[in-house]
Amino acid sequence: MKYIELAVGAILVYNFVLSRFLGICPFLGVSKRISTALGMSGAVITVMTLASAITSAISRYLLVLKFEGKVYDLRFLQVLLFILVIAALVQIIEISLQKLSPKLYQALGIYLPLITTNCAVLGAATINANVGRSVLDATLFGCFSGIGFALALVLFASLRERLDLAAPPRACAGIPLALVTAGILAMAFIGFSGLC
Amino acid sequence: MDETSKNVPENDIKLPTGEKLVVSSSPHLSSPERTSKIMGRVLLALAFPAAAGIWYFGLRAAWVIFLTTVFCVAAEAVWCKLARKPVKATILDGSAAVTGVILALNLPPHVPFYVPLIGAVLAIWIGKQIFGGLGYNPFNPAVVARVGLLIALPAIMTTWPAPRGMNSGYPSFKEFKTSVDAVTCATPLSIAGTMPKSTDRYETSHFRKIDNVELIKKYALGCKGGCIGETCIPAIVFGAILLVCFNLINWRVPICYVGTVAIVTGVVNYFYPGVTPSPLFHLVTGGLMFAAVFMATDMVTCPITGTGCVIFAVGCGVITSVIRIWGNYPEGVSFAILFMNALVPLIDKASALRPFGHTAKPKEVAK
Amino acid sequence: MNKSSRSVMTFKNGIHPVYHGKELSESAETRVAPLLARYTVPLAQNAGKPPEVVVNPGDHVKKYQLIAKASGFVSANLHSPVSGTVKGLVDVPGPMGVPAKALEIVPDGLNEEMEPLPAIDWRTAEPKALLDRIAECGLVGMGGASFPTHVKLSPPPEKEIDTLILNGAECEPYLTADHRLMLEDPESVLAGAAVMGRILGIGDRVFIGVEMNKIDAIHRLNEKAEAYGVNIIPLKVQYPQGSEKQLINAITGREVPAGGLPMDAKCVVQNTGTAAAVADAVLRGRPLVERIVTVTGSVVKNPGNWKLLIGTPVIEAIKLAGGVTEEPGKLILGGPMMGFAQKSFEVPVSKNTSGILLLAQDQAVNYVSGNCIRCGRCVQGCPMHLMPCAIAAAVESYRFDLAKKHHVMDCLECGACAYVCPAKRPLVQHNRRAKAEIRRLTAKK
Amino acid sequence: MSTIVLVSVIVMGSLGLLLGLVIGFFAKIFKVETDSRVDLVAELLPGANCGGCGKAGCADFAKSVVSGENPPGKCPVSSAEQINAIAMALGIDAGGGFKKRAVVRCGGDIHQVARKINYNGVLDCASASLIAGGPKGCRYGCIGMGSCAAVCPFGAIELVNNLALVHPEICVGCGKCVSACPRGVIQLVPIESTVHVYCNSPEKGPEKRKNCKVSCLGCRKCEKTAPEKFKVEGFLAHVQYDAPVLPTEEDVEAVKCPTGALLTAARHKEIETNDPEFSVNE
């Protein structure tokens, strides 16, 4: 039951993109095609899960060190360390993707290295640290958050593919229309408030 | 010989000159169906719940319906003027009026004039025209406006005046003019929402107060707090029959939507009677019936294929039930429809038809 | 088994036009047209290569004399419809709007005829001999596509054919030419069917599909069908019942695979008019020089059916029908659903002209390209189970890749979608555009 | 105090080292050979992805430039400086003479077309040309529904009086309009050329005249005046764009084209934009 709540909370109620408004940059950047959105979703889910696991381990076991009876509180390093881990993970993903799927690598372009600065990933890590989740919970939360991000991204990409065929006034075409759509999508997600 | 036979009738035969000939692609005939006719018939179907709403909530409700419709049409005209689109043709297709009436029937009966105004702008501009106008909007404009208003003006949007005859049972003609009172009441759903939930398997439901045969009869006929159009179930069902007969809505949507809500709430109610009232209660209260018939079925924002419609409606039903049972909002139809609207492109993809002749091997069916 | 008691067969989807317009001409007996002052016989009357002219300007030709010879296997002979003098090659407006070459022949009124070819006893003759006769007589599909008949009747040896279907559905509104033919000359139709069945080596699976609105024709055919071993299949009145693929589906339940031909479903489909022409060629030794044409429409004074010689200008046919009552808004060769709008009355009648239709100015559809409201009527109506609305949206945004994904290449251009569209969107034109574009792109590659 | 600094440094340092090693390991197993010059060229290219060079897009073109398949000058969009920059970066020859621009070889606007056909349907050239030969009497001229304008990535084509008009100062000669035009009216011509024959119909003179007032009659007046600059094939005059000397305004004046099909680009534009009722014969 606890994990269902965790999942519903991370995917729907507190959706990273549409409720917490984190990770907007790739949300707008790689949502033109469903195929690239799926690729990005995969990358983000991987990074978020791994990053949540490693950072929660770091924050539990490394940030408050007890050494020879003394307590070293390193929590001021939290953001720095998290970014370090995330950056390294993204680098690994990028290297592997370039080899494994050059097409997807091309399609994602600049947005792939930018996962480093995707506030959703750092946000997941920070929320885990602040709530003090166990490594397992944190990993699951990271994974669910990633799925929530993926859901929002794929939904949005499918809508944008349909909007591609629409005939909006010139002033509204492109990003303005995408932002309006994202806003309406966010309104729909408000309905889930209170589920957990 | 043929000279003479040709010359005789030549004088009184009128031959075409070809001046008026038009070339166009085949087919050269078309059905008498028109977009404006479709919208007109939808308006006709909407007249039933509208009339019921006016009957229960007095002339003030008529004023709200009138105002919202006028504002919607005006908003459409203004946008078309600014975007240099044909104003008259766009207005005459009737879609703005339909959106206006649906939105009005989704408003509480006594809203101040600016609520229809904001709603109209939200519906027509943000919900429809910004995407390019009728047909291009991925979300139902009326639902966009309703959700927007619900989020922005929660106090106004959840203040429900009591219908006439709330206490006596049925409104009478005598009361018709005197009904502009400020007595408010809660909707059955919002009462249910504020009641404590208990997951005790064997508790006899405390929902009994609001969920009993007598009350459900009253609810169904429309004597309950709520939006203008959503209260009177018989009127809505009548409208639905009309729409299905005119082939304007896919019958799968309302049936599957309502059916899913009944099943989900029924299952939950069966196992945990302290969590939610009976399915019958869910069917006759709130905007479920109205939304299932008039809002979820909007052609533009619903999947095209039959299978798609079933998926869409079941999704709407599940989300509505989940929000009603566990969510913060007492009513979830608008959110559910909005969310499922966002899924429509994906549903369309998933439920694409198998074109004729696209099988691995031709099948022998007859002979 | 009593064939007429069989339940009425049909296919899935399709539309039911509200107005059929058949009552204008269905009871009008076929009349023979008087001789005209000149005929322009178009050269390219068959799918494939146009035939080569074998006469010179100034030559005197007899009726039924060969004037152009097939220039390959997928080509058809052309014969003179009258006896007279060949004036030479002239430009005439083609049915597709592009000028076409035609032989102008001025009749001499002597009505000299060629000796008819010897009649063949089809029950005993070799299929090859029958096939050669059909090729010699210049037969093409008279339903619309005008594919040379002998080519259609000689499928590649690896294709097994077990069914021959004659298309007597005549699902197009207004047209009654096939109806009259089946009513007035059922024996020719049946004989033609039997001959083609013999060529294909099919014993008992020869069918004639007729829509239920021609119940009198069904009865007439049934009277003689037994003698020729032909089955008459009543079909539901539904458009496009007469489309090859739908007809095969309705009668046999088979689906022609996408991009395939009827022979991929072991079927050959021929028009009833073609069958009658086959009978003419084999039993009477006469080449194809005339056909029944329905001249009709709300503005035509006396709508009816005429036996017109190939090369008759349309304006002359209208004259036969008593002219018009008001200025027409549209001239259509063929039926109103799939026929081609013409801009000139000088178009000559060719072997595949089944109808000449004049519509009043306010009767013809006015495409306004309104916004698609996704009502799905086109999807419900499409006999190929496509999504015309989605294709049109893709084409309007020049997304031909998307249109291809929506299987636009399977479109029949039957017009069911555009007929039912409440926004009056020119869906068929969009589909044609997409098909042309996709063909161009694949050809480029 | 100093210990906490020390501890932080140790923690950060060791973590950094560890992650560095892991990345190094991954970089080793997923090694991809890339030519950095391709990225460099791609960066220097305009990124319009117009396809005017004949490649699928700028990235594809960059690859072909590095491999030596195409000279940088083949890019129609880049300015001379940009092309030189690419050539310098790669140390190769820039290659030139590819600069072209589009011209619509038709002067048959709504006022010049004599025979009009009532057309009803999609307002798009390619779609219209599928229906009974199109809405104008002439089957070879500009249909005037703007398929070319719709595909132009630079907005260089304008519709004036139902006739497409290329704005030469915006056009880069990518050729998208050429393939979009169902009639093949649009031609890519050398950027220096200023005189064009505004007619595309190979029909016989009188036939053309029936349809359009400003068609080329094939009278050979231009060919007689300047045979090295103009050539009449069949019934249609062509400007010899590959001739050593291109025709100029003086040539146009010398020829005195009887229908006004032979014009300078500037004059053509003036006629179409300023004076819709203009006709040379008056």
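Chains here go by letter, A, B, C and D, matching the order in which they are written, and residues are numbered from 1 within each.
In the analysis below, a contact is a pair of C-beta atoms (placed from the backbone, for glycine too) under 8 Å apart; a residue touches a chain by one contact, two chains touch by 3 or more.
As the structure is a computational prediction, the values presented were derived from the model and not from experiment.
Q: Given the two chain pairs C-D and B-D, which is bridged by the higher number of C-beta pairs in contact?
A: Top pair by contacting C-beta pairs is C-D.
Q: Distance-wise, how many Å sit between the C-alpha centres of subunit A and subunit D, to the nearest whole number?
A: Their C-alpha centroids are separated by 43 Å.
Q: Rounded to a whole Å, what is the gap between the Cα centroids of subunit B and subunit D?
A: Here the centre of subunit D sits 50 Å away from the centre of subunit B.
Q: If you average the CA atoms of subunit A and of subunit C, how many Å lie between those two points?
A: It comes to 61 Å between the two C-alpha centres.
Q: Note the residues in subunit D that touch 2 or more other chains, in rising order.
A: Only 117, 120-122, 130-132 qualify.
Q: Could you check subunit C for residues that touch two or more other chains and list them?
A: 97, 340-343, 367, 426, 429, 432
Q: Can you list the subunit A residues in contact with two or more other chains?
A: 165, 167
Q: Chains as vertices, touching pairs as edges: which of line, ring, star, complete or other describes this one?
A: Topology of touching chains reads as complete, every chain touching all others.
Q: Which residues of subunit D touch subunit A once you look at their complex with the stated criterion?
A: On the subunit D side, the touching residues are 3-4, 7-8, 11-12, 15-16, 19-20, 22-23, 26-27, 30-32, 59.
Q: Tell me, which parts of subunit A touch subunit D in their complex?
A: 58, 62, 65, 67, 70, 72-74, 77, 80-81, 84-85, 88, 91-92, 95-96, 98-100, 102, 106
Q: Could you pull out which subunit B residues touch subunit D in their complex?
A: For this pair, the touching residues of subunit B are 20-25.
Q: Write out the stretch or stretches of subunit C touching subunit A in their complex.
A: 393-394, 396-397, 399, 402
Q: Under the touch definition given earlier, write down the residues of subunit B that touch subunit C in their complex.
A: Spelled out, the residues of subunit B in touch with subunit C are 1-2, 5-6, 9-10, 13-35, 37-38, 93, 95, 132-136, 248, 250, 299-300, 302, 304-305, 348, 352-359, 362-367.
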